[in-house]
Amino acid sequence: MSADADTLPRVTAATADVTPPRPFLREHWPWLAAILIAVVMPWFFFNWSTGRHSGFVLTMLSEIGLMTIFALSFNMQMGHTGLLSFGHAILFGLGGYCTAHALNAIKDGGLWLPTELVPLVGGVGGLFFGILFGYLATKQRATAFAMITMGMGELVAAAALMFMGFFGGEGGVSTNRVTGVSLLGASYSSSWQVYYLIVVWVVICVVLMRLQTMTPLGRMANACRDNFERAQFVGYDPRMVRFYQFMLSGFFAGIAGGLYAILYEIVTFDTVAAPKSATALLATYIGGAGGFFGPILGTILVVLLQSGVSLLSNAWLLYVGVLFIIMVMFAPGGIVGLIGAHAPIARIGRLRELAVPYIRVLIPGLFTMLGVVALVELASFTTIGASQGKKLAVGGLAVDTATALPWIVAAAALLLGGFWLRREAAAFRRRWDALMDEAKAQGAAV
Amino acid sequence: MSDVAISLKSVRKSFGATEIIRGVDLDIPKGQRHAIIGPNGAGKTTLFNLISGRFPVTSGTIALNGTPISGLAPHEINRRGLSRSFQITSIFPRMTVFENIRCGLLWARGYRYSFWHLLGRQKSLNEQSERLLERLNLGARRNLPAGLLSYAEQRALEVGITIAGGADVVLLDEPTAGMSHSETDYAVSLIRSVTEGKTLLMVEHDMSVIFGLADVITVLVYGEVIASDVPSRIRANKAVQEAYLGTEAA
Amino acid sequence: MEVFLVSLLNGLVYGMLLFMLSSGLTLIFSMMGVLNFAHASAYMLGAYFAFTISLYVGFWPALILAPLLCGLIGAAIEMYGLRRVHKNGHIAELLFTFGLALIIEKCVQMTWGLVAVPYRVPAGLDFPLFSVYGTNFHAYRAFMLLISALMFVSIWLALTRTRVGLIIQASLTHPEMVGALGHNVPRVFTLVFAGGTALAGLAGVIGGNYQVTEPSMAFAMGPIVFVVVVFGGLGSLTGCFIASLLMGLIQTFAIVLDYSLADLLKQLGITITSSTPFAEVLSVPLPRIGALLPYILLVLILLVKPRGLMGTRDT
């Protein structure tokens, strides 16, 4: 995409509050559509003959839901305040542990709290640890902040394995979400009930986080991200802005952790460990940091990759890594940034002219991708698969990874696809640049 | 004492072994438009950084409206009614022009770190921001990211952010640097109108701007004040002509 | 006393290994601002390359070839990857190396399998060199110390005696000035990145058989290397050296000193029972929290000195 489009400063979210009020439906239809999709989604996978929901799909959708809150809470720090945290999962996991203990206490009768409100326990726990860790970490910014949060993340993860009382050691803390205390009379023994509980909490949290960006604190967080020195000279202490943002972000991360505890009924040390923090970072960056749709899109993609592809392939982390590198190299604004880059061309009404170039890139692109995937899978089945006693099969056809033929076919697909892709990509770029110039000439670039 | 806005008493500042500010004494009465001039490297911007709290002083005291402010953080000094602009434009480039101005107003309007006020609903705050935008002639640009404004417009926005909070004492660091003649004329009239009734301290290189705006001029050479007087007498001052204007006027 | 001496030597060995790994990262981080997540991956690659090469031609050629291979990979990463990503900012660069680390780990798993490979100390060095109070000091450890010391001296000479070294030194503290003076900064970057990666590879060659050569070794080593670099401070090889030795010694000594806070309190006349608040925290013995000490130190120093121990500038 043209360099200019990438270097243009991106306008932050929420200019909506200064434009004249529009009808609620016209302004918020994408959000309402998203909620509608979330509500009807499980029914596409409903098995009408047995009358049962698909457990796998429901768990995955629930995971998408709670990870959305988690990624958005991470984005409160990274996208909105410019704070890159390597230990965000500690707020998530500690919220989860608090929730698990609360659920157990409710079960024992030591605490009365309807299941619907139990995630709040996670939120309060996240808030508490957000205050505790945030007080220290937000003294610094930039790399020092990133390193402090990394250290804290490692510390908490290690502590989770060490201390039995709160963390339950390696076994984690098991719990039971069926407490018999409910506002709505639901038992939460079936996963669809849990899913809809999560949907409700996601909606609440997304709305709250979005509103938060339109408050003085939210705006000053953007200001500190853009130019923290200037923020000082309009009367704000950037450290306090960072602290409050961290704290609030901890609250939402804690709610996500609480939902996690309810969904899986066990909280182990993975919830505080580095890979969990990395997931938030991946999702936010792949989707596009800064706005709201970005982290949500990114979460959906990452969770699908995690639960879908990891079932099919041993090498799913490799695909995530490759996807990540491609995004960083070619689309630093994430998926949302990619879509946004089309705006000037759309504004001059010539988006249609990109359709053919896109298709022409897509075909060799698919070819190359198939080549890569085939090679990776071949390699993966030769070593890892063999040790696990698995056999590679394509469409029911067993492939012998010890023979040369499949390797040659895969390598050929990769090479041919690659060369073809290079040519088409160059043609695509020319077309793109021409349209961009046109858009600029018509003053639609901004 | 209370009619002095800024008071510097034997202020010194060293970076390592180099002393940049070598004992500056300066009193600026309230309501005065005061300019600091001097050759490059005289320490003008450093002096600004000391007064606004960006750097700590090495020794000496700085007082704002009679209370000492040396050692305070920039945001604390700002909250006591001193605001500054920067020589190198310092705005919030990814936020809209309107947001930039509103950020300048938030603390002064008492919003602090609130995360419960929705800015879109703060009618009087938004109206005040709009009025200021109109005064800055930036009304048409209100929804543009500030980073996309022209240079002169960014300078105007910078002045706007600086005075938005209603500080009584305003420090402007080379507000017209790099502007064309017509832009400079516009900037001067803008500065004159927005600093009405305030104490203004400015660093400037453009002599026409200084002689047009300043009530009193202080000449700083190598970290020392060599003269401080009304423009007409500064113009006639031999030492100043030698140290500074001599080369500039030739 | 004997425990002390042996631990001191072991700590020194580990510390020097850490220094070999982190010196390259310090150079890369200071000059290019890239917090290279894939640095420990180069360490892992070094170990695996050395394992495979030593299967065919023995350990000694591997000692040279494996780091060279790593260096070449490093140069390629810098020229074809990082340079492209550079314009997208530091977070993009960091995430790029993060993605690389994931890919390298997966590739290693697919090439060499999920379990550890039998990469062993060469037979010629597999004997006890001397013994201190009955505890053997292995010849291979002495060899590791020797290699690290040689490497330390050659880095020092290269940085202080060669033209490129002086440019590198200058750009540690003033990266933007060096370009202004007309030096070919991209080429210096490539050189430093390749050199740093090669050093990490070398550390892998001599560390892989000292520890265990397995696919998770990169992610186990990565955070510690970060801790050393950040603790030592940006732009300071000396700080990096001190931090490496400190971390090496701390971790080694923590393993042998079997005490807990409860023991300390007992000395002061306070007895910890299971009913005391935080009894669990207080009674954890030092060996168990040994791995945590570096992180505690990291957090503490960054809170007090965000530039690290001897850092010359902010990030």
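List of remarks:
Should a chain be cited, it is by its letter among A, B and C, assigned in written order, with residues numbered from 1 in that chain.
One rule holds in what follows: a residue touches a chain if its C-beta (ideal position, glycine included) is under 8 Å from a C-beta of that chain, and two chains touch if they have at least 3 such contacts.
For each chain, UniProt lists the protein as follows: A, C = Branched-chain amino acid ABC transporter permease; B = ABC transporter ATP-binding protein.
This structure is a prediction, so every number in the text was calculated from the model and none was measured.
Traced through touching neighbours, the fewest hops from subunit B to subunit C number 2. The chain with its C-alpha centre at the largest distance from the centre of subunit A is B.
Chain centres here are Cα means. That of subunit B falls 49 Å from that of subunit C.
A separation of 31 Å divides the Cα centre of subunit A from that of subunit C.
Subunit A and subunit B have Cα centroids lying 44 Å from one another. Touching of two or more other chains is recorded for no residue of subunit B. The part of subunit C that touches subunit A in the complex is made up of residues 35, 81, 84-85, 87-89, 91-92, 94-96, 98-103, 105-107, 109-115, 223, 226-227, 230, 280-281, 284, 288-289, 291-292, 295-296, 298-299, 302-303, 306, 314-315. On subunit A, the positions that touch subunit B within their shared complex are 8-12, 15-19, 211-212, 214-220, 222-223, 225-227, 229-237, 240-241, 244, 248, 446. Against subunit C, the residues of subunit A that register as touching in their complex are 3, 6, 84, 136, 139-140, 142-144, 146-148, 150-152, 154-155, 158-159, 162-165, 274, 278, 281, 285, 315, 317-318, 320-322, 324-325, 328-329, 332, 376, 379-380, 382-384, 387.
Subunit B makes touch with subunit A in their complex at residues 52, 54, 73-75, 78-79, 83-84, 86, 90-96, 98-99, 102-104, 106-108, 111-120, 126, 142-148, 161-162, 164-165.
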